[in-house]
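Here it is, the structure, as structure tokens.
Labels A, B, C and D are assigned to the chains in the order they are written; within every chain, residues are numbered from 1.
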Amino acid sequence: MSFEVKINNRTAHVELLQWEGSFVNIKVDGKEYKLDFEKVNQGIFSILHDNNSYNIELIPGDNVKKYTVNTYKNTYEAEIIDAEAKYRAARLKGVDEDAENTVVAPIPGKVVKIPVSIGDSVEAGQTLVIFSAMKMESEFKAKKDGVVKEIRVNEGDTVEAKKVMVVVE
Amino acid sequence: MIKKVLVANRGEIAVRIMRSCREMGIRTVGVFSDADRKAMHVLYADEAYHIGPSPSAESYLNMDRILEVAKQSKADAIHPGYGFLSENAVFSEKCQKAGIKFIGPGPYAISQMGDKITARKTMIAAGVPVVPGTESAIISEAEAIKTVKEIGLPVMVKASAGGGGKGMRLVKKEADIKSSIRAARSEAKSAFGDDAVYIEKYIESPHHIEFQILADQHGNVIHLFERECSVQRRHQKIIEETPSPILTPAIRDEMGKAAVAAAKAVDYEGAGTIEFIVDNNLNYYFLEMNTRLQVEHPITERVVGVDLVKEQIHIASGEKLSYKQEELKQNGHAIECRVYAEDAANNFMPAPGKVTHIAIPYGVGVRVDGYIYEGFEIPIYYDPLIAKLIVWGRDRKDAIERTIRALQEFKITGVKNSLNFLENIMTAPDFVKGNYTTHFIDENIKHLMGEEPCQDDCEDMVIITAFLEYLYRLRKASPKEMTALKNNWKDYSRIRSVLKL
Amino acid sequence: MIKKVLVANRGEIAVRIMRSCREMGIRTVGVFSDADRKAMHVLYADEAYHIGPSPSAESYLNMDRILEVAKQSKADAIHPGYGFLSENAVFSEKCQKAGIKFIGPGPYAISQMGDKITARKTMIAAGVPVVPGTESAIISEAEAIKTVKEIGLPVMVKASAGGGGKGMRLVKKEADIKSSIRAARSEAKSAFGDDAVYIEKYIESPHHIEFQILADQHGNVIHLFERECSVQRRHQKIIEETPSPILTPAIRDEMGKAAVAAAKAVDYEGAGTIEFIVDNNLNYYFLEMNTRLQVEHPITERVVGVDLVKEQIHIASGEKLSYKQEELKQNGHAIECRVYAEDAANNFMPAPGKVTHIAIPYGVGVRVDGYIYEGFEIPIYYDPLIAKLIVWGRDRKDAIERTIRALQEFKITGVKNSLNFLENIMTAPDFVKGNYTTHFIDENIKHLMGEEPCQDDCEDMVIITAFLEYLYRLRKASPKEMTALKNNWKDYSRIRSVLKL
Amino acid sequence: MSFEVKINNRTAHVELLQWEGSFVNIKVDGKEYKLDFEKVNQGIFSILHDNNSYNIELIPGDNVKKYTVNTYKNTYEAEIIDAEAKYRAARLKGVDEDAENTVVAPIPGKVVKIPVSIGDSVEAGQTLVIFSAMKMESEFKAKKDGVVKEIRVNEGDTVEAKKVMVVVE
């Protein structure tokens, strides 16, 4: 049984050799481990490896293949890469390229001001949206030169995260 | 004696105030906006009243509605916390007129200190050092140029009604003076409706050091020593400590006396903070007074041994101060870390969202004030401060070491937060040396943005855990494919933090 | 300098010790029995080693296995915590021979203090007052009767090797002397393998007051003031506080000096506690010395401002004491409540089981040391202490009020526990007055067993909540029957305490 | 919709009149309440009644009808009594009467000593089992005079809670 697991910028190949009771024999990128692997509670794991103690918290993410993982000192984003995920990643590749044409709300908040209009020519760096959340105002700027094609929000609107606000072409 | 307090605030400070009220046997009244029906302060209060829609202007800043609730609930007093209505002279006056005790100073002290030019004049009259500059609002640009020549460049042009970094311009070259004054004026006009500006000498390597004071209704004023607040991002404090690593006993004593004089000059009542700007030669200048409780008040509580909220309530009840200046002493060292829901890597952009998991640090010298819980949705309408870690140590070194331990135990999942950034501050050589100014974050940004790599094989353990959990779930979903794997996990119904207690 | 410490213990004290080690940059080695694979101290340690089956005799008391682990893990030192091997002279000696530092006194001090008759003799020689009684073991019954006549009835017959209330007999009538000696002897023989007994005057209304001391390897000894420990059930402390409500400054000073003399008399090293029995006239007598850290050490940490575990480690590293007697001061008041998994209503019967839910108190002046977590199964093999609540206040009244607030916020569900009983102690008039002896629990049992009724309509709210939750579940199970009811609850995946942060 | 709910020694009759969104109209022993009833999280409830705030934690018990309920100051054991529960209670009534004939381990622990043998006559108050758990020894005594009929454990045994150890007749 083997998959790839991506954490931060590393993609590791993992192969399970044996898992019986709390005994786990497993290879990560060719390195073999024999572990005492205990589930302490839902989402909480204790691993003893050569008597080193690791206490690991696993919090499920948006989907079954994504987890946030806490160790004593660090936090990681982990994702299981199986055939389906690889296919999806390949398909999605094209879509994201348009990202630099749009201004997207990174978090929920309020549109304070839109100092451009549809049809305006804008330069890279020019402010397209002034946005406010949690007492902080941010300016979102054009990533490249272009013309404002769409404005999908109004000044004063409260918007959800990931809402596309302005499209430049 | 006060028997029921309306807390006109939300978040950690509302809960913190209610805790002290509970201990004093005082009933608490909470108020909440649409967004806050399930917020901790509503759950913790004895009574809770809805006061309006989510935006603060329509709820937590709605003076008339809050006074209406105070009357309806028969509250004797209103505690404003910090932010919102806490430094609003009109509200203090409205409370007075309604016969409800405002826990804080009267309208006179608030407005004297709220207007910067007035505050400067008052301080000069009281003999408290202020930053060299103009004593009144700038009338002509020619006069301004003359002043600048007297005090020397660089200078700051500041709005009298200002705050939060708005209506401020740094002037480095003589040629920029006029345009800067015009820009500051226009910004002040649009932000505060008042275009009065003044000029101050710009302090190059400033330390931001403030003194806590307490003043009763009988003219007694004491100070509770200083807090060093120079670690700031976006003009907002993120770490505070006491004692300050740079003050000498003699300067501390002088500044404490100046702080007391400042409070006396405005007939102050309650808890307040005198902020000073201090240069590398320990010259100190009055900057402003915060006429309310500060976010960072717990480090003073820990080191001086005083519950400031209880003292506010005693003072508001008309009691005399129960501490004498000479009885107070700084015992050990305390550090506060402000945990914000924000993304340090993205210019400290606020990060609201749903908290999925919390592990809280415990043990000797550790206090956590917060208001979030697992499953809580942090609203987008209010401040991103979600918790404060207050750590005490025998001395500064001990306090830093303990803070690091506590920050490592502290986990908040579901929303981006400043825990890792705070830990990096604790290990930054300039911070460890105690040698830092308000430029600290800019000067140390590379270290502060770093992430210490996981030691030994622990990254592999993370990978293995995620892998095995996924496998376990697959097995549950399609047991036949997975019969090769045996394991004896039980199915727990809930996720729990083992670092909980 | 010590770089790696093996903690030969479990539960809250193991975690507490490891926290201070972490802060000092010292690696920690945990050891565990079969029952403890998932215990907090294993999860918290840097390294963890299995040492045997669940019964302590086969694991936490297995000296050779623990020393083997110390060697294997290359630990420099062993911290024994309290209980288990902490007062075992043989173990201290074995560590010495193995070249591993035992964090605590050497075998001489432990055995001098472990044998009660020897300890009494040593104290008399050092000029420390002891309870009037026999100086050596009772040889003839005739001699015993003579002694009893000298010191007057009632008296206690005590086993020299005793502890924990075993091998003790109270004698009120002369006719009972002989039979009591025989009974105590036979009990001592079977419990400790040593039938030596001695006679002490029985103090009628005793206060149990102990002094914390610290002694370095260079002959420096200081005391860190007292702890009042008279609130006991089954001869075990349940509440401790400092300062004692009954001591005067003069007596405190005298007793502190006696405690230092007692430690010096046995060439003591490390942290230790001199227990005194004090009568209503403030006559004080040496009772015994605990040659280890006490359960209740955190109240001293809070009031005196010293991390006792760190000091133990500094001392064990050969450093000189870094505090001078005259620098130490008691600041404010601290109370410790011991939370046991037990059923107060059923003679404090221990109550192991699975913890299903915990809500922990926070805020100013509150510290919780514990080791349980939600989902944790409390083993039947060890002590029922599951958490300690340590509360600080400006003065005794403030500390009591805060303790009540904290106890009300504190919830542990799934196992019976002493939280309600502890709250009742805080409201018992004798406790509030500070006027109590070791008979406190017996004398106040009616108040202590009571349960304050829920105010207003809150009992009805409990009923309504249970009812609606049941209905909601029914509806999920058979939606058709329930379509008349609409509600908009979301299905949360987990149970969370809103009082969490 | 109505049931009985038992908390501690009180059995209350509860009748639901309306439940829509967070609005609940309900009668408890004839007293009518109009409540703002919110589920904060699984097991955590917030009730506002005449602006009084109640924060209630509900922890499921052994079965779906039993709950431990925490308020700010108190802890209650609550049980829903429906027709089935009433029937069960009636049936169980006879069974418990034998309780005084048996010595049952109240908690898990270890049998230290059994100072009686089968066939012994014992008096009420006589020690039948010395039992140890969590460092505390307890003596379990005969509740009435009788003859030891069964001894179901051995000295040194570790036993589970509710284990019948000795039967007297």
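As a working rule, a residue touches a chain if its C-beta (ideal position, glycine included) is under 8 Å from a C-beta of that chain, and two chains touch if they have at least 3 such contacts.
Fair warning: this is a prediction, and the values are worked out from it, not measured in the lab.
Colleague: Taking B-D as the reference interface, which entry in A-C, C-D or A-B shares over half of its contact pairs by residue number?
Modeller: Matching more than half of the contact pairs of B-D: A-C.
Colleague: When contacts are scored as defined above, which chain pair ends up with more C-beta pairs, A-C or C-D?
Modeller: When C-D is set beside A-C, the one with more contacts is C-D.
Colleague: Counting only Cα atoms for the centres, state how far chain A is from chain D in Å.
Modeller: Roughly 48 Å, centre to centre.
Colleague: Calculate how many whole Å lie between the centre of chain C and the centre of chain D, each centre taken as the average of the chain's C-alpha atoms.
Modeller: 30
Colleague: Need the CA-centroid distance for the pair chain B / chain C, whole Å please.
Modeller: That pair's centroid distance is 38 Å.
Colleague: Please list all residues of chain A that touch 2 or more other chains.
Modeller: 40-42, 44, 46, 52, 55, in rising order.
Colleague: Residues touching two or more other chains, restricted to chain C: which are they?
Modeller: Correct list: 43-44, 373-375, 408, 492-499.
Colleague: Can you check the complex and tell me which residues of chain C touch chain A?
Modeller: These residues of chain C touch chain A: 30, 37-38, 42-49, 72-73, 373-375.
Colleague: Under the stated contact criterion, what part of chain D meets chain B in this complex?
Modeller: 38, 40-42, 46, 48, 51-53, 55
Colleague: Sort out for me which residues of chain C touch chain D in the complex.
Modeller: Per the touch definition, chain C meets chain D at residues 234, 341-342, 346-353, 356-357, 359, 380-384, 408-409, 411, 413-414, 420, 451-471, 473, 484-499.
Colleague: Please give the residue numbers of chain D that touch chain C in the complex, ascending.
Modeller: 1, 3, 5, 7, 10, 12, 14, 16, 19-22, 24, 26, 28-29, 31, 33, 35, 37, 39-47, 49, 52, 54-59, 64-65, 67-76, 78, 80, 106-110, 133-136, 138, 158, 161
Colleague: Once bound in the complex, which stretches of chain B touch chain C?
Modeller: For chain B paired with chain C, touching residues are 15-16, 19-20, 22-25, 40, 43-44, 298, 301, 305-307, 310, 331-332, 358, 360, 362-375, 387, 394, 398, 401-402, 404-405, 408, 492, 494-501.
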